[in-house]
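Notes to accompany the following structure.
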Amino acid sequence: MRIGVIGYGYWGPNLVRNFAETAGVEVKWCADNRADRLAIVKKRYPSIQVTEDAGQIFDDPDVNAVVIATPVSTHFKLVKQALERGKHVLVEKPMTRSVAEGQELLELAEKKGLVLMVDHTFIYTGAVRKIKEILDGGELGELHYLDSVRINLGLFQSDIDVLWDLAPHDLAILTYLVSAKPKFVSATGSDHTGRGLVDVAYMTVQYADNFLAHFHTNWLSPVKLRQMLIGGSRRMLVYNDMEPSEKVRVYDRGVKVTTEEGIHKTLVDYRTGDMWAPKLELREALGVECEHFLECVRFNKIPWSSAAAGLNVVRLLEGATKSLAKNGTRVAV
Amino acid sequence: MRIGVIGYGYWGPNLVRNFAETAGVEVKWCADNRADRLAIVKKRYPSIQVTEDAGQIFDDPDVNAVVIATPVSTHFKLVKQALERGKHVLVEKPMTRSVAEGQELLELAEKKGLVLMVDHTFIYTGAVRKIKEILDGGELGELHYLDSVRINLGLFQSDIDVLWDLAPHDLAILTYLVSAKPKFVSATGSDHTGRGLVDVAYMTVQYADNFLAHFHTNWLSPVKLRQMLIGGSRRMLVYNDMEPSEKVRVYDRGVKVTTEEGIHKTLVDYRTGDMWAPKLELREALGVECEHFLECVRFNKIPWSSAAAGLNVVRLLEGATKSLAKNGTRVAV
Amino acid sequence: MRIGVIGYGYWGPNLVRNFAETAGVEVKWCADNRADRLAIVKKRYPSIQVTEDAGQIFDDPDVNAVVIATPVSTHFKLVKQALERGKHVLVEKPMTRSVAEGQELLELAEKKGLVLMVDHTFIYTGAVRKIKEILDGGELGELHYLDSVRINLGLFQSDIDVLWDLAPHDLAILTYLVSAKPKFVSATGSDHTGRGLVDVAYMTVQYADNFLAHFHTNWLSPVKLRQMLIGGSRRMLVYNDMEPSEKVRVYDRGVKVTTEEGIHKTLVDYRTGDMWAPKLELREALGVECEHFLECVRFNKIPWSSAAAGLNVVRLLEGATKSLAKNGTRVAV
Amino acid sequence: MRIGVIGYGYWGPNLVRNFAETAGVEVKWCADNRADRLAIVKKRYPSIQVTEDAGQIFDDPDVNAVVIATPVSTHFKLVKQALERGKHVLVEKPMTRSVAEGQELLELAEKKGLVLMVDHTFIYTGAVRKIKEILDGGELGELHYLDSVRINLGLFQSDIDVLWDLAPHDLAILTYLVSAKPKFVSATGSDHTGRGLVDVAYMTVQYADNFLAHFHTNWLSPVKLRQMLIGGSRRMLVYNDMEPSEKVRVYDRGVKVTTEEGIHKTLVDYRTGDMWAPKLELREALGVECEHFLECVRFNKIPWSSAAAGLNVVRLLEGATKSLAKNGTRVAV
């Protein structure tokens, strides 16, 4: 199998490195519209062909699949061209700028029988896969809430706000972990650079039952935090990605609600117990993901981070943007 | 000066102990409607008179001031009686259940020329007083946001929700630190015990400029977090109340936004520098507060945590409750 | 049962408070040679008789037991008098200034049939009792080492060095957890105040097998650390007393050593696995200890922190002092 | 300038990568006696010549300098050959297995007028360079102690013990920071694999004044700690290499010792104040070091990590080994 990588900016080098080290695949092309970036590719990987014109890759009948790591505003056009030329696609998150675009790509890929996968890297980490296993095993009981914080002194993006930049990671994890359908999205935020793009933002996702998910994204934080709390009726879980080793901790704590019929009174019992930090698979997530992409292409499988998953993330982001414009009023999704 | 303390539940014992150790004041009475609580008072402080009827304290002409540490639903009635009988009052937070009640008490105290102070304990800590000093000195520059997290596996209250239970601490700090007037409040949350009281809740306070304050309160968290971030244009600050020593950290970090006129482009510069943790006054906050109350009574001063401050907190809570009922739509305050 | 407490300095108030709250015991007397300390006792506990002469307590036939919380140099004389007058004794750690003194007291208590218990508070904490349970259950396998760090910007003592001040806590834990007999002690340290008393000191205790215990004590540390590592062949344990909640963590990690006969080669295998933080009993250790003392007196039981345990601690301290004088050369114990 | 790298095991790849990215130098050769390691070199760097015979590199007149990253037992022979063939040398730490070997190499390099530098990587980190600046500026006052902990579940070495494996890092830092000459070394430790090589070890270095340095090295720790405390008469410093950002913290804390003449009494005053974490240079240490090596070769400068510094480290390690053999009795160095 031969692939071409389009975009050699911040994340592209990681994609090239991981595919280069994956057995059974050859990185044949790398495209970028900046000559200096291509020079770096050439120095590191003399065997890779470089081009400023992604079209050359689409034209190459040897190429089975392309990896698109360009700014989000270009995703729709590039993915569409690739699919139309019969290439399988792995595209950076967020998949597209709108649900309409995402829907069109999803349908095109289905029609063509091609794999369209979104690079939701975090769901390929040992931590998130272990959390999935714990949730699927019912260990947490009924889910009460998911609270996510992803903040740091961030690189301001020129074309997207802090929600579109940081929240896709956590929305992809939410989508991966929780199969229920979200009902409403609301968001508040503030823009301190006068560009019309929020740099501090909060987003709430509501579900039919009382499950609630909340996301804090911030480019103006002095400290870097990457933390997710998941509360269930039986146990609770903390996923702290800044911890060097015990990233996932399961707390045998919970609240039991009972009602004494006779006295029409609600009783709340607390339970505290042991804490447990499972051993996690330490392999680089992107390596796992590259292999998964190959496997999906070869055996025509649906990726964990399928176009449908990517579309779910875009749907929540689009809803958040609408809510921001309506001063935080909730929006049905 | 002689005082009576009404309510010897969770917080009352701390109030009695601190007033008992404050020079120039005598705790003459303690009232509670539970005989077993009064027995404990009697054993620890044989010299304090106990009663199940708070009225006895109001009737005692020897008593100059009363301290009210009963459930919030009783505050209005008890404070009103005390003021009408000419007693100065220190009342637990939140001051009342509604703005209307709070407004009436504030006006009554003014009319009577009595001190009405609210027990916003945190603003008497060395940490918050140091933060106030830093903000007033302009060290952070223009304020961008305040983000507060106060979560733990909490004691479910029977009459109030998690916002009314936990947020008053942080809203009192906000009110103390930031003099600008809030414009809108919105809140989302979820109730997992079927009592109609949210146990996980998020609250946003918006201001005229782009300053934004956000509060996460949660009774269902496996871990206890007490953290506040304050971001400014020049520096940023973290107040972590769980840290045993360096609770306040000032980061010489920031973002500078400039616009290149010629090219109509916004440029964002990052600045990272040293971190600094100032030495904090370690005295117990409640002791500082008790002395402050005495001083206000003696010299007819306006307390730092005045009835007006208490009313500001109630106004934000009332707005949040309205927003919760309207699915998170923002409410003017 | 009626007791007298001798010494109302730093720790005495905690002893009086805990015994006062223990069912089945009355604190009848409190002695201190400072009138101002006795005034404080009188104010807090009007029913307790105070005296500057401990002899009055020994003379009172109503008193069954005495608690001695005076400087260590006075322990021998006071304990001896108490035992000779037929009183059971709970004495502060370290028990005495020398092994000879400790041995004499132990024998005297045995001869008189009285309880002589040493206040090794830490072994009554939920954390250390849980560790004992884990070790006794064989969960760690064969013990390899115990490493203890107890450092902070400390209160310099006028009569003892940092080892005699801080190490008794950890040596008491060692003695409680490990039943094997130590063979050698060595110590190095440094004195920065010119008083002939080390303020930074390291102490090693060697055992017959390859088990090694090491203690770092320091009055000149900018940070407060209270950490103990215990390494075993099957699992390893960290006891961090500064953690607010998960003080004890058990790591399913270890090293397996095998020898391939044919190739005369040692093979070392690593094993990493889950981490587990057991729920701990949260009751105040001193309260548990006071009840234990009463129970030992009533039912003539040997205390967990018996005179023999106290003597073991003094033997290690005496050895360390000798080693310090011999520039760190090891001393048999 | 052209160099050859000998040894492509654990650390060699980092050396090759950093020299490959350093301007003004070409990695011409890489030697290793394992063909599979050389195949990896060839794949990553097609332009580098590979060989199983280091002698080929010494024979190449084009090569100005060699970098030796082989097991320590081979250092002496390889460095000697390189120097004799007129090559400048950068050698892994520890420099040699004995002081005698190190002395011979130091003298040979001087005689030949060649640079002999030891890869004490840590002294090229932003953290250690900042600490050096703080100490040289006298900010800590008179130094009281240095306490180092470097522990983790480690890779057992087949030919050296835990002291020779881990302590060189910290002894190099000590040598870099403190110019005073050490007087005595003592060490205790324990071997749990029956190979005659300690895997847990403690080492004390004593100086003429009361300055004391202590090192805890451990291959059997469940947790990874990399922490150094440096106590001075005016301020104290913590260097925690596991912290992602604020690795160096300076505490304005100290102890002031005075003597009241009249009463022949030593008085100790405590001072606590602010904490300060200076901004650190974030560049990869090895890159800084590679450039420094080039500069020393070009301008005939003495490296920060000179052969003399390397010899100081070996002298302390040799002393520790002797002390271990004498059951911890101190050894003059």
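First chain written, first letter: the chains are A, B, C and D, and each begins at residue 1.
We take it that a contact is a pair of C-beta atoms (placed from the backbone, for glycine too) under 8 Å apart; a residue touches a chain by one contact, two chains touch by 3 or more.
In this text the structure is predicted, and so the values were computed from the model without any measurement.
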A-B or A-D - the one linked by more C-beta pairs in contact: A-B
Greatest separation from chain D - chain, by CA centre: B
Separation of chain A from chain C, taking each centre as the mean of its C-alpha atoms, in whole Å: 53
Interchain centroid distance [CA atoms averaged], chain A/chain B, Å: 39
Sites on chain C at which at least two other chains make contact: 223, 272, 275
Interface residues, chain D side, partner chain B - complex: 246, 252, 272-279
Residues of chain A touching chain B in the complex: 144-145, 147, 151, 153, 156, 184, 186, 188-195, 200, 202, 204, 206, 210-212, 214, 216, 218-223, 229, 231, 233, 236-238, 249, 251, 253, 255, 257, 266, 268, 270, 272, 275, 327-330
Residue ranges of chain B touching chain C (in the complex, touch as defined): 46, 223-224, 242, 244-245
